[in-house]
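Here come two complexes built around chain A, the first alongside chain B, the second alongside chain C.
== the complex of A and B ==
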């Protein structure tokens, strides 16, 4: 009996290899560093249809640009009791925010934890501007500002904060990535490491890279954040999702930046 | 209206099915000898479970020529054509119940009749199996029709 199972497993493994190899040829990929879990690093863009890609390729067609424009406007709009805008402290975003989206989450010494772009935005609002904080995942202001900040790094390759603290955060993220959750008992790796390039029902699995987030997602008919996407995946596997901007998702985001290292930032991207 | 009624009754049936008492099923040498319900499976019902997105959704991962009329066959699992020639009833039952105890922990395939060893299950699905015992038997009966 084991013989039969072995044979079937070999055939399956064989066909999976062929499929991956065939796809790999026409997808733009970036070389992975030594000891990286992926042999090639590929943006989610490469897994999408020509129609979806075309929406991203043309800034005038990209529906997320409405929020990018909102973010740009908010950047220089004073808000809160301190009467400050982002620009009051940070000046021209094209200079001051360049590289931020390609390197966050970063370690915060004062807070003794890793901070995402969204968290930094709310920290600034609360402490510098004395303004109300924005809700994490669906507030258009938060999405717009996050897109605007990350867009200043568009085309820049993802780089890592190599502090020992961030290494520890990424370790937790790695654990989250490889742990099976939910009634369907699946980990991120089960789909996005082992089977990218293959269809799961009508969806082609990508590597789950986050270099284009926040993204305009056709399925959402709107723009959403990295952590909203993480949450959606966990719901799909019938798991109780972690909290957006909580410790686990922040760690997972930090780890996903490692998985995407070298990949250019595309924010705001368009996905299906 | 009729459609809505059908959908509602489907949801109702599903919740009844998962509220049933979960039986202890032993997998020995990659096989489960006895029917989980003592009743024979219904291959027609099993086909519906196989393709139903809110039921087994087996088609999400497994291509199946027998269902060529259905769109969107997945690619992450082995193709089901001729699966009855490769496995016995008892082996198929074990694979549907908990394939990890047959193929090993690495498999992507969820266990369809198992509530132990799961982590962070959504409240809605807590303590529930993906399929009812009868649905497992129905899927097995359907798989047994897939001969080449």
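== the complex of A and C ==
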């Protein structure tokens, strides 16, 4: 009896292995540079179901486009005491913002720290427009503008700011990535490096790439920022999340861009 | 979102006899009139209450929309392409404002 059972189990296990391998081969991957922690770089898109991908593929069905339209409108809307809009300085976003989403976070000499697209938006609002700043993670204006800016780089591969300062920032980001936090004592790598392509309960783990952010997330029933997602992950492992747009998350974002180097920007993407 | 912006995806070309799919979406908060604000006062109802699509002046699809419809109403319907012409999409808001969009179809 035991023998038969063993045989059946072996066959079942064997076919499951074949099925996983066949599915994995279907994923479009990008070659990783030398000394990169991943052997291949895969967008989160490739881990999602055909239904979720279809939502992203059709710009009309993609619910994030409502916010992109809002961002486009805000781009040329004057706000604040200076009476300026984004367009007053930056002109046509299709030209001036091209590549921005694929290269931030960048080092700011004046501020002596790394800044993200969101931080740059609020810096512009405060200093150039003399307008109120927007809230970081859920403000539709902030999300719309970030999507609009990053969308100008859609399809462009991620490139890195190679200044020594950014290297230091990425070092800190790497530390955050590999440090185990919270009651579950887990690091980002425990899921997204060691087990991508496997299920965690009913959810398929991806490499945790951020090339599609801000993203429309089905679970949120709305659009959210990169740092909101970081926060969510940290809550899941029962840790105290860092502050959105704080030093740790900005460094983590910079390091995540290194992990995604070469991957095309998909903003706004649809994820589950 | 202050302004309501209608969006339409309809094919520009079709062969005679084809059934074409038309997708429409309007950004609108669809305030039901049942919610209360922080002071306990009812937030007045403000929804899109009617949608109509006409083709060359003849109605193709229309519907009344009620408060149970969620924000950013999305409607998808089909039409048999017979002749070339112009669609006219019309959304009616509770406050009386009308949002319109036009799109052309060429039947070969």
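Methods note: the second predicted complex is superposed on the first by the 248 of 272 C-alpha atoms of A that agree within 3 Å, B and C clash if a C-alpha of one lies under 4 Å from a C-alpha of the other, contacts with A are read in each partner's own complex, and residues count from 1 in each chain.
We take it that a contact is a pair of C-beta atoms (placed from the backbone, for glycine too) under 8 Å apart; a residue touches a chain by one contact, two chains touch by 3 or more.
For clarity, every value in this text was computed on a predicted model and none was experimentally measured.
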Once the shared chain is lined up, is A:240 touching chain B (first), chain C (second), both, or neither of them?
-> first
Taking the superposition as given, does A:202 touch the first partner, chain B, the second, chain C, both, or neither?
-> first
Can A:140 be said to touch chain B (first), chain C (second), both, or neither?
-> second
Given the touch rule stated above, what does A:60 touch, chain B (first), chain C (second), both, or neither?
-> second
Is A:69 contacted by the first partner chain B, the second partner chain C, both or neither?
-> second
Between chain B and chain C, pick out the one touching the greater number of residues of chain A.
-> B
In their shared complex, at which residues does chain A touch chain C?
-> 60-61, 63, 65-66, 69-70, 73, 140
Name, in rising order, each residue of chain A that touches chain B in their complex.
-> 1-2, 4-5, 8-9, 11-12, 19, 179-186, 190-191, 194-195, 198-202, 205, 234-235, 238-240
Counting only contacts in the complex, chain C reaches chain A at residues 1, 3, 5, 7, 9, 23, 25, 27, 72
Given the complex with chain A, which residues does chain B contribute to the contact?
-> 29-30, 53, 57, 59-61, 71-78, 86-87, 91, 102-103, 108, 110-111, 117-125, 128, 130
